[in-house]
Each structure stands twice: as C-alpha cells, then as structure tokens.
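In what comes next, chain A is part of two complexes: it sits with chain B in the first one and with chain C in the second one.
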Partner chain A sequence: MAQKHIIGQAESRWDAIAKVKGQANYTGDFPIKNLLHGKILHATIAHGYVTSYDISEAEKVPGVLKILLPEDLPQIKYSTAGHPWNLEPKKRDIEDRTMLTRHVRVYGDDIGAVIAKTPLAAKQALSKIKVTYDTYPVYLTPKQAMALDAKRIHEERDNVIASTAVGFGDVNQGLDEADFVLHRQLHTPVQLHAHLENQVATAFQSEDQRYTCISSTQIPHICRRIVAQANGLPWSLVRVKKPFIGGGFGNKQDVTIEPLAVAMSKAMGGKPVQINLTREESLAYTRTRHAIDYDVKLGVKKDGTITALDMQVLSNQGGYASHGHAIGGKGGTFINALYKMNSLNYGAKTVYTNIATAGAMRGYGMPQVIFALECVIDDAADKIGMDPIEFRLKNHQPDGFYNELSHTKQQDFRIGDCLKQGPEAFKWQAKVQQAKAFNQLQGPTRRGVGIAAFSFGTATYPFGLETSGARLILLPDGSFKLMVGATEIGQGADTALSQMAADTLGVPFESIIRDAITDTDTDPFDTGAYASRQTYIAGYAIRDAAEKMRKMIIQRAAATFDIRGEFMDIVDGNIVSVSDGDLITTVKDMAQASYFDWQTAKTMVAESSVNIHNNSYASGCTLAEVEVDLQTGKIKLLSLMNVHDSGKIINPLLAAGQVEGGMAMSAGYGLNEGLVYDELGRPMNNNLLDYKLPTTMDLPDLDEIFVETKDPLGPYGNKALGENPTCSPAPAIRNAVKNAVGVGIDTIPLTPESVYDALQAAKAPKGVS
Partner chain B sequence: MKHEINFTLNGEAVTCAVDIRKSLLEMLRDDFELTGTKEGCGVGECGACSVIIDGRTVDSCIYLAVWADGKAITTIEGIAQSDGQLAPIQAAFIEAGAVQCGFCIPGMVLASDQLLKDHAQLSRAEIRRGLSGNMCRCTGYQKIIDAVQLADAKRQADPKTVVLPHFKIEQ
Partner chain C sequence: MYDITDYHEATSLAEVFKLAAADPKARIVAGGTDTLVKSWAEVPAFTGIALIGITRIPELQGIVCQEDGTLIIGALNTFVTIEHDPLIQKYTPLLSQAVSLVGGPQTRHMGTIGGNICNAGPAADSAPALFTYNTTCEIQGPDGVKNVPIADFYRGPGQTILKPGEVLTRFKIKAGDYQDFHGHYTKFARRNALDIANLSCAALVKVQGEQIRDLRLCFGAAGPTPLRMPVAESYAKGKPLTDATLAQIGQLCLQDTHDITDWRDTKAFRDHLVTVLPGRDITAALRGA
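So, the complex of A and B:
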C-alpha cells in the first residue's frame, strides 16, 4: 500500500464551508448579554498636550456610563509590538505609551474614552467632550523631526530612536572604481493594511474572576502578555481568545485596542465591553507601513560588476515606536542575500514623527527596500546597456551562499531558476517585441515590460526568538484534535498545518480536526502569525508531535499483535505490514482500545515544543507588462506574474491564493495606495473611497509559478511564502513603466498625476524645469 | 422611535418593530441575529454587507431598515438549500479556492449569485465589472472571478443546476 502524500495536495481549507455559509463567527459576531460599548476620544491635533477636558455635557448623554481620562487608568508604559518578550531589558521593544494620554503625538491619539449602553450614546458623548490643547510644531517627515531645533516627541529619548549601519568592503573605493555611479533618491508611501474586518475586541470578567478578551488578533499569546502589562495584571489573569479573523496583514500584530477594552471592563466592575473601531479609525489611527526615504549610490562597471552600493535610509516611525527599527534596519541583510557586490554600506535611521504609528505590515520592510534596490539595479542595467534579466542573472547570489550579515547559509537558494523560468513562462521576449511593435504605431499609449527580484527570510532567526508548540489528541474514532498556538488569520495556516499532521501520522487529511478559536488558556504557546514563520516554525512542532503520536499508536499495535514496531507503518489510517502492505489493524481500532480496553486503556496525547535556530532564505521575482497613457499618465496593468522559490509547496491552491493577494497588495502599493496628510498632520483619505484599494477593475488576471524544490532545513521542505509576494510587484511595475516611456520614476505610488508630471519634466528642455 | 415593518427574510414572512434610525445591516445583525452579513466600512464603500433586495445587490449598511418594508431580502444565511446543501455558487467558491479570511465572502457570494442570475452567460470582464463594488484584500480577486466562472460553466454544462431566483414576494 503506497503512502498517500497529503503535503503538496490542493486540499480545501477546512473553514471554507462555514465562511461561504455566513456561519463563521468573527469577534463581533458572538452574542454577549448586556454588552456595553467603548469608544475612544481621539485627539484633533497631531502634536501637543491636553491641558483640560470638559466632560460635563458628555456625562449628561442618556446611556453614558463612564468617561475615562488618562489619569483614570494605569500609567504603565508598554510597547504594542507583537514580538516575543525579551528577558534582557535592553533588547525589549521601546515602551513609550500608556493606554490613554494627554501627550498627543499623532492626530487621533487616544486621549480619553467613553463607555455607554449603545454605540450611538458613546458617539454622542464623544462629540460633547471639550478638549483644550497646548499645540507644538508638527513634524511629518524624518528630516523635519531631525532638525536641530526640533522638539522631542517623547521627552525621554531623541527623535532618532535608532541608527545602525551594516555592510562590508570599502564603499568609497568601490564607487571610485566604478565606470558609472548612479545616485538616486527614492520614496515609498504610507501604505495601509485595510483588512476588511476592522479591529474589534470584547473584554469581560469571566466566572473565575479573570479577564477574557475576545479579539481579532494575529498574536493571541503576545496579546495576553501586553494586555496584562498595560493593566498591571499578572499575565495569568488574562485570557485571550481569537476566533475567525477578517484579515490582519501585520496590523493585528500590534496590540492596539485590547488593553483598553480590558481596562474598560475593569472600570465597569467586569461587565462586558466591546471596542469596535470604525473604518476611518482603523485606517488612520492604528498602524501603517513605514514610509521610507532612500538615498542610494550604486557603482557599476561596464561588464556588469557591482562595485559598491551605499544606501542611506530614513524610516518614518510616526508617533510611537511600535516595531521600531526592526523594519527600517532590516534591508542590508537581504540586499546581501540577493546580489553580489564588492562593497555595501546600509545605514538606517528610524525617526519619530507626528504621523500615524508605523508597525508591521506584510513584508516587514522588504517591499520598501526591494523597491529602492530594484529601481536602481534596473537603471544600472540600462546605464551599461545590458538586458535587465541578464544583469540580474550575472549578479545574483549563488545557491549555498553564506550570508555573513545574518550568519546564514542560503541553502537551496533558487533565485537563478526564478530568473530563468519566470521570463520564459511570462513570454518576456515575445512581450518585448510586441511592445516595440505597439510603440512604433505612435498611438496615445506606450507599452513596456519590467522585472524585479527579491530575497526573503523565513521567520526571524537569528534576530528573534522562534518557538512553537503543538498538541495532538487521539480521539475515540481514530481522528485527531490538533491544537496549536499558531494563528489562522485567513492565510490558510490551519489547513496547511493539518496537512502536515496528517502526512506524518499517515492518516487522511479529514482525520485532523482544528478549532475555530485559538485560546491562550488551552492552546500551546506560539508567538503567532507574522514573519511568514508558521508553516516553518510550527511545522517543526507539528512534525515532532505527529511523530510521537505515530510511535505511540505503533507501540500499541506492536503490543496488541506481537509484531515488532519497525515492521509496521501507518498508511491512510491503516496499520500495515511494511514488507507486504497487508492490513494488521487500523488507527480507529487502536484509538477505541486506547479509550475502552479493560486492561490497557490509556488515552494518547502527544505534545511538542520547539526552539528553532535556523533560517531558510526564499527568493523570487515579478514580471510586469503595462500600458501608459501619455496624455493622462494613467497606467494600465496588462499582465503580472510572480515567480517563487519557496521550497516545497504544502498546498498549491492556498499558496496560489496567497501569492495573488500579495501581488494585488503590491500592485496597489505601486500604483494607487498611500495615506496622505495635510500640513497639520491630519489624515486626508482614511476611508475606502479616497484610499485607493485595488478593485476587480484595477487588476489583470494574476499569474504565478513556483520553482519548487525541497528545502533541506524546512520541516516539510518548505520555506516562507506568506509575505514574499508583496516584495517585488511594485518595482517590476515601475520598471515596466520606465521601459514603456523611458522615464524611471522613483516615488510610488505611480498615480496618473505623478506619471504625467514625470513625463512633462522629461520633455522639458535641459536646464529648464 | 420604532416603526413596525413586514418583509420576507430568506423566504420567511417576518415582522419587526425597528428603530427608524437603524440601517438594514444593524437590523439584520441585532434584531435577527443574522451575523453572516458583515460591516466593513459602514458607508457603502466596501460591499462586505451586501444583501439581495428584490433581486438587486444592495449595501445593507446604507439602506435604512424601514425601507425593507414590503421587500424580499436574501442574506448569506438564506442561499443554501433548506436541507443545508450548498448553493452552486457557494460550492464553486470552495472548489476554486476563493475563500481566505472570509470577511468579504458573504457579500461576494451574494453579489456573484445575483450576477449569475442576471446574466445567462458571463465573460471574465463582465464578472469583474459585476463584482467591482465588493472589495477583498486577501485574494487579488483571481480565484473569486474563477469561482464565478466555474459556477457559470457548470450551469451551462448542466442546465438542471440553474439556480432558483431569490425569494420574491408572493403576489
């Protein structure tokens, strides 16, 4: 009997039926008796201090139960970043906020709160609270906040919260030795996660007098810790439950509203209180993707050798540190992972400003640095007259490269295969010829093709702790309950993890039962959904638990049938003889016996916990074809393909879905998306009408291919995939636009206005601007 | 102030004394506990709250509850068959891998179902236009459009699977 492999199969996600039936409960869908509603009073200035509140009128609103000011809540400073706790105080995330504050650092800062019987009463009360401020100068950019006379946004530290440099070789010498030096300034926008479900949390005192918080979080275990820290509670007095979650993309890797929800419930004697952010609040007042400015010098020889790369980085942190420098500081390692060069200097500063706090967002700094890198790489190829694919093929790092900056050997690193197989699948050469023929017609539009490559780590080692636990319980009918702390947020983790368990156990996929809720009281510890880590890190934990469970089942069969264990295998739920495949017994029979056999009953539970000290680097590229309207600057995306080196693909259907969603997010990043502010730091487009999320009409059919191999380290030959797709589409689109119109634009999004302006500027005679 | 309305909800005649300020979305979720209908923006931008009213896809967040009086409304809870068997469009969403976080899916499934009912045959371009009012951040829409195309292909292949029209008021 041949082993039926479940890894690599397009299994339907277990929760799809509930979701198409409208049966899946998200945080806001649970019926809670006598639920109260909490609303946050947001600052209407971007920088200053609240000198007084007048709540007298607000208190009179019928249904208002309590108005909370900063002084009413614990003044314990904490960090909202979803990172594992660090035992070394110096390595912890910057603890720079309290739940409510009089110190206003961003427009919309949380300066008060109302608890009422209805959401409407709470809103009415908010509108009646009068606030008086002292106002301070508003800094929108790192440069403004770094000016010598700039006021500190947080009294206790400089506006530059961190500054690092990594690299190797002598960059000045490298630039001297180059035949050409390209000097570019590139800018990326404030992108928003725009998950369809806004942040929502419900907190109440449970029967055991502890606090339960049901929350739409990517990181239940970390959320428990941060809720407890902010409220000054022992960690065990908080229980977090995460039901189905309507997208996160990193925004829910910050613990934003949960501490306040628990504080509100505490203030109401433990009654249930829900905070349910509006779309406008979620877009403007939670977290964003860091806007980053790059100043880049690249030295290149005529033969295509990169002699030097100097990249100076200013990362706009916004008002609070959140994930801080972990994002802006990350690029050097992955530039080195991708391309050979004689010297590299990656210098990064992360700077407080008065715009919305930037945090984790899908790709975690890589979409920014890959945009900057791949624009300049592409321009360098143009400069020396080399084909952009050939230039990348010449310079990419080989399989087996040892990355000194992260002390990681890049095993099974297949960027070369991506750069060869991608263009072929995309019909790059044919598209180049078609574009040339099209452009010769001299019509109102021009066509072009572009490429961009990327590298990406799997999980956070060696920078972050990587632990995960799993538990398998054999149920009486031979199915298994799989319990993990790894978090399903829509990406399909639960389904992929179940496939892993089934594959190692040797049972059908349907034999694995997951849970709609992750619960910090009962599920094993795992730090959660981020860094494209779960199939990798939780994968090891599941493999360990499944191997233990498999061994226990075989041991029982060995004892029952007096056959040595090594002569038996579990295949498709049957226990068979290894030598001839004959059926010996079934997992179901062994399960029954483990519960009910008079002499030997002993139920089976397998536990595991892992601490992983390795990282498998993934890579890939995007190919794009665009048509640009010369009169309006409008870009039409004609085709887009992503190529991924992500090791073994656990579930091709889910993997393709992940890739397509990431491509759409990055296409939006390149073409339309960006939160904008007026000079007072007020967000101007925090709604889904003015913040341009791609719709069905804005995207072409999306294609993807996988350069599939088996990673030697990954638990099932797999490595990162979740965030990877967001890294390279935006620069590939930018490079395609350059190919079409001959102008490389270094600031995204490439809105019609910006393209039009760039075209006009390029047309203007030299010396006139 | 409350106002009593009568309407058909997922094929059943219902009565509700509803706060006149409430949206249809609020009434469905609060008064009828039909929480399959989701709120994504509350102002008619995202389509997560889509329901079918007399054969038209409508954002229930910007439709007053009292306007439901005399209408026939279908929510996501109402499109599977009474024995629980999935509607063809629901099955197609699963088969095509169109579901990720699932928050846009109730609205997307209803909008797709209505689109199929309104057109004997659909091109990909028509599907794109038909679903342009429903936002999704997870899928890039690729497999959602695939799902609608799949459901369309299946009904072309087997006319017996033609979906029944949504509940209409008996005249």
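So, the complex of A and C:
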C-alpha cells in the first residue's frame, strides 16, 4: 500500500502566509473597545519593605483612573510556575507570592499598579508615586544568602529552599582509586529569554460575567488555574485565550502578569485592561535562567575509566521560588544517562537571593549541568592524554541502558552514532590539522576545535504529569478541524501536529485546519509548551484521535458500499481497496453523507485524552571551531555544528530552525550573554543594546545533522528536540577555546576581558599541541 | 508612550530659528535614532517637549567637493548615504568605513551624521574619523554663521556648544587633511553589529617609504568626548614604521586617554586595548597603501 509520508516532509508552516501578510494577530493586536492600560510600580530597591506610599500627585495625572496598592488586592499566596496542579499538597510548587507586595525581594518587585486611559498617563503617574522603604541587606549569591547571619528573604522558610542528593556507588572510594582527580569550580550566568514579543495580557469581564484573559502564554490551561487561584476565583470563572505568540523560551511558562491583569479589570468593574511590558521590564523583572555554581571532582584512570564524579551544585533562585528546585536539582539523572562511571554524587541546593526570580528557560537546567560536566570531561581527557572524542566514545552509555535514577530504559539511545557521525561531517581531523598549521604562523590569533555531548529527556515523566488531549471534527467537505491544547508559540508545533493528524488519517496535509487561538473553554486539556514534550505527548493524543476518526470514516464507507472495513484504506483523501488500490469512495463523499444523508446523517467527532508513562531519552553533541585573539581576548566563532539523536524528524525544515535557533542561543550563552547587577541588586543591562544577544553578524553558518532513527516508543518515532540544541554549544566553544590557547576557562560568558585576563593569568599561552 | 507635546516641520533654517525662538524648550529632530530613544527612556530634557523636524531643509543636504578640494558634507546625510557616497569613498574612505559600523541597517538608514555629532556620545562611530580629518563644523543660528573645529564642538558627554536655536549645518574637510592619508577605524564592541563601541580608535596616517610623515589618532569611549592623541601623534612624526614604533605609539596614547572602570569593562582592560588598537589600525590603514 502506498504510504502517505507526511511525517518527515518539510511542509510549510500553516501560519506562514498570515505572518508574512501581517494577518496574524498577536495579543496586542486585537482591537478592544475602551481598552484601559495597566502599569506596574516596580521597587527601586532589591530587599526591604515599603513603609509608605504617597500617591497624591500621581492621582492628579489626567487620565489616571485607579492606583492599586498591595492591600487593595487579594493576599492569596500562589506560585507562578507552569507545572500541572498536584493533588498532593506537599508536591506543589512553593506558593510564596502575592500579586502586589510591600515586602520587596527583588529589584523591580511589583509593589503597586496604575490603571489609566493611556499608557503614557499610567507611566507618568508611576513616576509621581513616592515610596518610602526600610532597606534590608541585599544577597546576590547563594553563598551570601546562606551565611549564618543572613536574613530570611521569605519569613516562612529558610533561604535554602531545597537540598537534594542523588547518585550511586562510593564517590570517596572512587576518587581514591583514580589516577587523577580534577577539581573545578564552574560558573554560569543569568541568561535571559529575550523572546521577540514581550509579555502582554488583556483581561476583561465577558458577557457571561466571567473573566477572559487574552495572553501571550505557553500554558493557557495552567494559566487559567493560576489566575483563578491568585484572584480567589473558581477556576471556571476564568477563560484564557492564547493567540499567536512571538516566542517564550520558558519565560511564558510562568504566569507573571495575567493574575494582575484580571485583578485590574476586576478593580475597574470588568472593563478591559491591558498590561504590556516594556522590553526593559521583560528583561529584568520576569524570569531568567538560573545562574548555577558547580564544585566538581572527577576521578579518572589513565585508561579513561571514570571512577567518580562528585558535583556540588548551588542554584541561584532569585527572590521567588517559581520553578525552584525542579531546575537546580536536575542533572544527576542525565549525567548518568550520558556517561558510565563507577560512582556519582550529585548534591544540589536551590537558594533564594535578591536577584531576579529564575524560572524555566529552554533546556531547564541542562545547559548549566552540561556546561559544567563537559568542561570537566574534556579536561579529564586532556589530563590522561586521550583524544576528547575517543574519551567520550569510551565512556558513553550504550543503547538500551537502564537508568536507575529515572527508572527509564534508554531505548534507541544513539549518542555513539552522534559522536562518530558528527566529527566526520564536521571534518574534525582536517580542522585540527588546519588549526595546527594556522597556529604555527604565530600571528596574533590562535585556532582550535572543541566538542561537547549531552543527553536530554522527552517531556517530564517520571517526575511530572504528562497528559494531553486532541479533537478532530470532520467538516462537510472532507477536511478536518484539529483542536489541541498543545500550544503553538512560534516553534511550529501546530504544523508538526497537523502533519501527524494528516499522516494517520491518510489525507493531505492541507486537509487539516488548525486554529490561531488556543481557548481553555473549547480546546482539549494539555499542559502546554515546555519540556520538549508536545510532539511526543500531544502526538499520542493526535494519533489516538486520528485513528478513531479514520475508523469511523472507514465504518461509514463499509456500511455504504458493503465492503469489510479491513479491505479499505485511506490514501491521500481517497478510500481505496487494500488489495488493488482501486478507488471506492472519497473522504469528501463520506463527509457530505455524514452531514446530509437523509437516513444516516451523523457528524463525526473524534476525541482523545492520554496520560503518558514513558520517556524516550534523546542525545547529541556540538562541534565548534574558534579563533581567539591573544591580544584582545576576542573570540571569533568559525564554525558550529549540532548533531542530534532525536528519533524521527517530523518536519526537517522546522527542526533545522529549532536547532539553529538553539545553537545561537547557546553560543550567546557561552560567549556574551548575562544579566549583570550592581552591589545593590540593580540590573545594569536590561535592554537589547547592553544585553548582548548574538546577531547574525556574530555567528557562522550554523550546521546540523540528525542521526535519524525511529524511536520505538515515540508516537511517530520522534523524541525531544525543542530544547536539546541549547545544551552543548557553550561547552563545545569553551573547549575549542581551550584547544586554541591552552587555557580552560570555567566561567561563562567568555567575554574578551575574561579571556584576556585568563590568558594573562596563565602567562604563556600555548597553541594546539 | 512618547511624552512629546507637539511637532513642527521646518522647511528652512529661518523657520527653525523662528520655531526655536517661540519654544526654547523644543528639540530638533532629524533621523530620531537618538532623540526618540531618549524620549522613550524618559531622559528629562527629552520628555514633555515639542519637536522641530528638520529633515526636509535643503541647506542641510548634499555632499560636494569645492574647487579648492574642500569636502562639504551636509549634516542631514544619513550613514548609509555617507557610506556609499563616491566623493566620501574617494577622499575620506575612513569616514565611509566608520559609519558602516553604526548600529544596524535601520539606524544607518535613519540616523544622520549631524545628529551623531550633536548627540555628543563619547562612542559615536562617526566622530573619531571626523576628528582625525580635522573637520570644521558649520553652525548657523539667528545671529549668523560660525565655523568651529570639531574638537571644540564638544563640552562633555551629551553636551555641545550649540545654543538653543542653533543648528549644526555642515561639515568641512580641507584637501590637506585628507590628501595622501590612509585611514582605518576599529570599533571594539562585544558584537559585530547592533552595538556601541566599548572603545574605538581611528587612525589616519601619511607615510614616506617606511617612515611616518604624519599621524592622527582619535579614540572614542576613552573619555567624556572623542579624544585626539597629541603625545603619540607628535612622537610618531618622522619615526620608522616598525613594530617598536607602533608599540610605543600605543603606550603614549595612555597619556591622553581617560579610561574608567564600569560594569562593561575595567580601566585596566581598556588601557590595554588603548595600547593595542592604534598599531593595528595603522597597519590595516597601510595594508592597501
């Protein structure tokens, strides 16, 4: 039988034309009658208490309608983390914030709000509110916040919000048995998501007296729950609609402004109010990637055996718990997933401080862990004089490895193929030779190559709930409306999910109609866009719904033509005989009959809901080539390649886009990015000039290859890909710099000054040996 | 969300003077790539003000070369125009190279060279080149025309000698200030585009054989205004073009730069770059000579 082959095709995104023509409406684009504008009063200290507000001058600004102080709003504590609700109270996210607060825990904390007829009036009023503070000591690092005399940032709990350890074997014995022990301190910066569209939400009371919130969120269903909880409303009184989104990268997996938008509308008798953060607010006062410090001891034998890995982790949480220890505590499982070792001890603490609250960001802790791990692994290879690729090939976990730490059998785990095919495609050996020749010229720059590997889970099982739903409606002309709760945020999920539905149904890709809006009232439940989960988890739901729908269509055809169902198949929208491919009828004719046949009309809807209890581990590696200016410390990225073991690639065009975007994000992480604070906890560079995202001028042509297989568990043979590309470029670049100049730098970003300083400290920089 | 109270479009300099006299707080806007950004950021003198638009005033346009070889550059020329102008490319290629590095394409299409100088940012990309060409600024006001050397145009960061109602109309570069010179500009920034210099250096050099006849150096972002390097420049005259000379030129620049430590870089690192960039610029300038 001819296969449909829609999976694996570079179908154009269904929303591409709308976006090019300017027809795609984002949250801020909807025309709303009598829209009011809300703005947040941000604290200008990082730690303290607001003793008084003087709003008398602000109230006089023409157009100002209401000024809200913390006591004007519900004082219900809630968590902003976009995790599914947990029926067990102990397992819930830490509920440590109110919508507005007098207790300031971060610079820019939400201490008040203004509602006005225009954004300008609101902004002018903010500048006229006088605030008096009691100030407390400011803790920028976990170590400061863990000091014995440190004040609690939240009275009800210690600044160390969680402390965990996982592992196996006897690490002390392992270190004793090693021929060499490497001891390293590594540091990662506060990275920002910098999604193109800032956070924006519009809330109003709808005709049915419930509250609608149109929001740029990755997690509409979770958003509804958190908005309701913060405002003390029954969940059903809130409806969230998610239109087109200009990216999120995890920042919109936190429910930051939506509860306040609804509270503002409530305060205005249900009138529509919009909060539209500025770029400066979005960068400094929403969520960040956790800055994490690692203290690592790795024991290695001369033959390359890893005898022990001891990793002590301090995760800088910032002022509120958000996703908290779910990120800082992650790592042991994936180290075990990647490398064989005799013993492992992964101890992690997550600590409140007074910098911006860290939350989910693409990779969810893995870019940090992989940076630390892959620097030390690379240095260990150097130490025993083994080629860094050979060292990884010797130590990587085999396909079929059973990971005790996550109770997951790593089926179809292809890191070995990545480590073999990647260097070949990258021309690693040739580049090593070229660098040697280049460095012998003894010019002002040196060249080098580096590699780093990673492993990555698909979705959150066994740690988190993984449910998803899908609905297919057969339309009168034989096309299908696909309804999902999974969230398109610019990554192309809707296109990939539509390909899945078309593939299983046996109809052309164009027959699947998606919706620009995800609506919690009408769309099936799904927890949303995070954890590289949607093509996997929603994939099962879509497959189930599509199989049900296919069966219904075949049943109708069987009844109509008196042919047994198993003798029929649907191919390209036609219902054909399995034995000879002859046309029996069409999906369109069956659809028409299902709506209008006098005797048998009965429209067709297929629903599904899945709860997935499996995880397919993905892996991959990055290869980098750099040129380092010895006099200025400036690094030029000459080439960068990612290699991915992500199972079947659903849409190669979208996949390449995901990978290249992630590589750029991680290259920036390694080379240039980081939110910087002064000693008072004030952010210094929360704008796109001073926060150095890479531009296209800063990146080489990005290359990617896929070690494509069919995952035995994934609904379409697929496994995670969305976040994976951000895991290994930064350490690969760091290792390439080490290869070029002979100095391994353990703090990113590798800015010119930090590289120059490291070179000076190491005195006699060497070329590639 | 701009706190701008009014907008007046002037079609002649006389009209600018009249509008400015009527509203002394009003600010002149050309490309808007600084003025509007500052207004958005609520910089005090840029909020609650009216704007006087000057982009359509004919006297401020054009790039011409006079009979005596003096190059006249209208203040309203955008960076893109200057980058690609045949006269600029022929006579003052250093300026063409420098403005090609401003921000990104959007800024280079909107931003003007006059605005870049009037904004008086210490890191402005057009400034070091104009300083090394000994450019004269022509200023017109209600009281007439003034000609001022560009080094005297600055009073400090963001501050110029312009009085309310005065307009920087054009730049003049004499033939003797560009003939036989070779130039190169380094913008040392963390990114290759969409960035502002952490330190920048323009070098304009004239050689005879292997000897330096004349050298002009100007640093951006090494002090409150762009700075020429008189000590290093006078040292260089007549010196042989050797690595030792270049190294010494770099060292001597430290006598005229005023680097500071801020969150972007330390003074020590900036001082180190000050010693490196001039030699690199001179070498690069002479590569095509």
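For this structure, a couple of remarks:
Just so we're on the same page, the second predicted complex is superposed on the first by the 762 of 769 C-alpha atoms of A that agree within 3 Å, B and C clash if a C-alpha of one lies under 4 Å from a C-alpha of the other, contacts with A are read in each partner's own complex, and residues count from 1 in each chain.
Just so it is clear, contacts are C-beta pairs under 8 Å (C-beta built on N, C-alpha and C of every residue); 3 or more make two chains touch, one makes a residue touch a chain.
Values in this document were obtained by computation on a predicted structure and should not be read as measured data.
Once chain A of one complex is fitted onto chain A of the other, the partner contacts of A:D582 are absent, as it touches neither chain B nor chain C.
Taking chain B and chain C in turn and counting the residues of chain A each one touches, the greater count comes from B.
By the touch criterion stated above, A:T751 is placed in contact with chain C alone, chain B being left untouched.
Contacts of A:E510 after superposition: neither chain B nor chain C is touched. In the superposition on chain A, contact is made by A:M684 with chain C only, not with chain B.
Looking at the shared chain after the overlay, A:M697 reaches both chain B and chain C. By the touch criterion defined above, A:V676 lies against chain C but remains apart from chain B after alignment on the C-alpha atoms of chain A. In the superposition on chain A, contact of A:D597 is made with neither chain B nor chain C. Within chain A, the residues touched by chain B in the first complex and by chain C in the second are 120, 688-689, 694-697.
Within the complex formed with chain A, the chain C residues making contact are 1-3, 42, 104, 188, 190-196, 263-266, 269, 272-273, 276. Contact residues of chain A toward chain C in the complex are 119-120, 123-124, 127, 631-632, 672, 676, 678, 684-685, 688-690, 692, 694-698, 751-753, 756-757.
Touching chain A in their complex are the following residues of chain B: 21, 33-43, 45-46, 48, 75-77, 80, 86, 90, 93-95, 97-106, 109, 124, 127-129, 131-145. In the complex of the two chains, the chain A residues touching chain B come out as 10, 12-13, 15-26, 28-29, 31, 120, 193-198, 244-247, 249, 278-279, 489-492, 653-654, 656-658, 660-665, 667, 687-689, 693-697, 699, 701-702.
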